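In the two complexes below, subunit A is the common chain; its partner is subunit B in one and subunit C in the other.
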Partner chain A sequence: MIKIKVRKPDMVENIKLHLDALLTGVKEAVKPGTITIEYPRERRWLPDSFRGYILFTPENCISCFQCSFVCPANAILMKKSENNRYYPSIDYAKCIFCHFCVDSCPGSALRQTKIHDVVYIDLDEMFCPTENMINPPEIVREDEYTVEYLMDLDIILKRVKERDDLIPEVKPVEIIKEYSSCYEPDSCLACGICVSSCPNEAISITSLDGEKRLKIDADRCTGCGICVKECPVQILKLVKG
Partner chain B sequence: MEAVYELLKAVSKEHFMENMVSIPLIQPVIDNLLNIPLVGYVVALILWKPMFALLIFPGLLTLMTVLLFIIWFERKLTARIQWRRGPLEILRWAGGIIQALADGLRYFFQEVIVHRDAHKPYFIQLPILIFIPVLLPLLFIPAGSIVGIKTPYALPVVVAIVSLIPVFIVAIGWASNSRFAYVGTIREAFMYFAYEIPFILSVVAMILVYGTADMTAIVEKQTIPGIILNPVAALVFFISTIMATSRLPFEIPEADQEIAFGPFVEYSGIMFGLVMTIAYEKMYILALLMSVLFLGGGNGFPIPLLGDLAPVIWMFLKTMAVMVALAFLRSIYARFRLDQALRLSWTTMLKISAVAVLIGAALNIAQVA
Partner chain C sequence: MIESTLEWDVRIPEKKIEEKYWLNLKKRVIESGLCSHCSTCSLICPVDGIISEDREIDFPDWEERCVDCSVCVRVCPRWDYNPLSDIGDYIELVAGKSRRFRGQDGAMVTEFMASALEMGLIDRTLFVGRDEEWRTEVYHIRSVEQLFDIKLTGTKYSFANVLPEIKRAMRTSEKGIGIVGTPCMVSGIRKLQKEFSIFRKKIRLVCGLFCTENFYHHQLYAFLKEKGVDFSKLIKTDITRGKFIATMTDSEISFPVKELNSIVPHGCEVCIDFTAVESDFSVGSVGSDPGYSTVVVRTEVAKDVLEYIKQNGHVDFGKVIIEVVEKLSNLKKKRTKNIPEEYRKHMKE
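Showing the complex of A and B:
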């Protein structure tokens, strides 16, 4: 056993240490520092890339299923909507807010917000269908100040009397137009899987001289790549238009 | 017949009016009220000095106010020093000052659980019985000429009654019959022996300094405050007050982080509310005693307009200063271990208190006070 020898301060030093503690206490009692934010009257300033509640714009969605594939928590369910397209819906009971779906979205149909304080009544309500993702949830804003932590040598709280916009503007991304094409038509089995998988009915099989041929309508194709994934002989690929 | 006449005389309005608190500022109002038949009797009763001591100061009303204030103040001050906010949301514009009242209400509507292993009669009785030793000393503490029971043995009586409180706490821990309560009770018993001797020795030193145990006489004799006459006794008294009321750094019997309020761990609801305030009430009594013994009690500039109320105000301010100092310690000290605290009190404190008694004896011979 190793016994650690603790240096015992002598009496004068001891009294000095006690006085030092008392003085520090008095100093903090008179002019205290603070690291507390009085939520909900104040909100912490958050960067625009904050991973919060996810919003959805159906016009930008090409039903590529990319968000659903990438989701590590398996929280995104693609549901068929009335216009025969597949749109994502998020189960917030599973979501880990990694925002892989937002990053992987080719048309920026999913976008991030700074909303992080949504309340649900029960677990069933945490499943957020597509129509609820289009508009931000109702927020009661009680905050008047926005507080920012300035991590210098000491922690300083900078209070500004303004409201932080919780839904940041997202820069429009340049959408690269792609469409599916068959590069080895001779190997095609004409099994029709691509036809049934296409959400936009862009692929059709035509019979020409008794030989079945694949016909892809480039105007209707959104470049979602589902047929590329589904093709059993792997002869489809996305090309830039 | 003679006895009945004496009794009637003792409860008559005239008897109360002989010994009334005089407040020149509102004297006309009081005079008018005294002329109204029933109201006059009640006003005379309340302003009768012993009843005033019981109901207003240092009794019920002040005690309640101080309890509500000091619990809030302690939390707020500690939070401020530790860079937090403290109680805030209840009555927000006043900084959450009625937090203790709200907590009390919550305790009131909570279920009181008496667990299976507890000794049921004692478990329920003792938190209520403990108020006898906790509140009785208030009758003997004078504020100027206002005193409940005037006796030359006031100081020994108060010290004796205050010394009874830990016995009740040990009994509470025994009746609770659980592990944490057992540990807390043992600690309470150890601390009781450790602080009681220096505490009594410092009081004895002050009795020697003034040559009397009558608190009114002690206050009158303090042209120089006792803290200047015998600072060593004041230090010992202060430290043993911290130990007696189990404040940090000697919060050993309660130690909420490790044994969850020690002897009081099994209590819930209003019973917990009662036992939780015991330490604060004891703190109030010992602060009153400290202001009488060392800070000159009700002495101060006389305020002619307030009359008998002026000593009350001075004494209240001094008591609050002592209580604030006690509450302040919570935010800067960590807790001592039991053996460290025992070593401190059985060696250093005992030595210092012996020195205090010697100083007291020397001052007694020199007839300073």
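Showing the complex of A and C:
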């Protein structure tokens, strides 16, 4: 067995070390050097464009499916609602929070929030149907401070005693009025797929004697572009009104 | 700015029976044995319901999915069947043999399409290739290099799904598309172009093939198998001088083409167009020496391509004996007797 000899500090050295420890303790108490945020008592300040939980306003939705087309994670499912319109629902188990859907929404029906701390019990619950997207999810807020990181060579925490609003105001998108029109009527199949695809009943097909008349009501057309996509011969285009 | 409209009319043909248009087509064309399997209806069907496979043209779930739009009837070349025959009008008649490509005879179809690609007249063309069992499959050709594949050239004598593929080619083609097809397919394309302007703009060059008949793959396969043809070794099928010749790597099997009569589809029995009269140019082996192809140039577009070929010296020219083409054309014309009375009256007018 080898016995390790511990060098015992002498009196002066001992006092010096103890004083050092005390000083560090006092320093931490007066001006803490940690960069940890004491969540949930404190909450980090986030910019308004933070990509968190997504809210939905059905009144602004034109059922254009853009959000579900653009979603790279295939997390958006368009579901038929009671008024026969299709509205998005998001599967948060798949969502990668890229907010392409929010950016692509032509009517700002989808908008971002700073909420990122929603808890789910299981995977099924992570599927968020349309009706749950209208109001922000229920979260218990214990925070009183908002903390912001200031980067100036050193990282400094700036604590403000106020609550940050998690649902920022969104400037509404300036909607450019567009409507669908046919630029090659000679190639129309008169199949009526545009008529049945239109969510706003803006296109009509009427049978005349040996002819079929197709008509687009520019006032009713919301410019969603569904008919343009659906037309099997691709002869419809959106024009600026 | 493209001119566009918010209101337009579309002419709709009259129904023969008070049912959906698909049923009209099925009763009048398919079930009466007039259908030539050109698959124009399958190309245009807006709900992609009409299927053209190695059997009769069909729309299995038409009751639910058919939107009764009438386009299948509008494009069908046999709805109001008014067949053309003989050689028709032409600008120039040449026999040629490509110096670059290997094909059925003189590889003139390949040469014309390759030249059209080089000229920039078209940027897509559809060729029919084959798998190990000589099932046909359509290839989208975008460069001349692709055409050196021997599997793409040469005659297969089976229906190919060329026309439905046009839809896919149209989506990406900017300059235009070149199509190679049998006379019925050419008629289908012309009717399509007559009805719908987008096809007038996109389909720029139509090559017709001299054709006596075409077969369903499964029937021809079974027939040739019985004759002892080994499809893994088969390199060429040909019909010359009344004989069907299957050339394999080590042997050759031939028999009189008349033996195939039992499997000739009904649609071919009522066809009297041998040279694809409505095409831009037609090509076939008949009327020229072995190793050469006869080319009937009918329109200015095809004439331009021929001029380009002449300038570049890609082709050796030979002699055409027009009488032989006329003879076979007349032979096919005899099938007029198979055409139902209703349409024959129409023709005499």
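Worth a mention:
The rule is simple: the second predicted complex is superposed on the first by the 207 of 241 C-alpha atoms of A that agree within 3 Å, B and C clash if a C-alpha of one lies under 4 Å from a C-alpha of the other, contacts with A are read in each partner's own complex, and residues count from 1 in each chain.
Note that a residue touches a chain if its C-beta (ideal position, glycine included) is under 8 Å from a C-beta of that chain, and two chains touch if they have at least 3 such contacts.
Just so you know, these numbers come straight off a predicted model, no measurement behind them.
With both structures placed on the common chain, the touch criterion links A:Thr24 to subunit B but leaves subunit C unconnected.
In the superposition on chain A, contact is made by A:Leu208 with subunit C only, not with subunit B.
Between subunit B and subunit C, it is C that contacts the larger number of residues in subunit A.
Touch criterion not met for A:Ile62: it reaches neither subunit B nor subunit C.
Contacts of A:Ile216 after superposition: subunit C is touched, whereas subunit B is not reached.
Of the two partner chains, subunit C is the only one that A:Ile235 touches; subunit B does not reach it. After overlaying the two complexes on the shared chain, residue contacts for A:Ser181 are found with subunit C alone; subunit B is out of touch.
Put simply, subunit B touches subunit A in their complex at residues 77, 80-85, 328, 331-333. Across the complex, subunit C meets subunit A through its residues 2-12, 14, 44, 46-47, 67, 69-71, 171, 196-199. Put simply, subunit A touches subunit B in their complex at residues 21-22, 24-25, 28-29, 32-36, 38.
Within the complex, the subunit A residues that touch subunit C are 181-193, 207-208, 210-218, 232-235, 237, 239.
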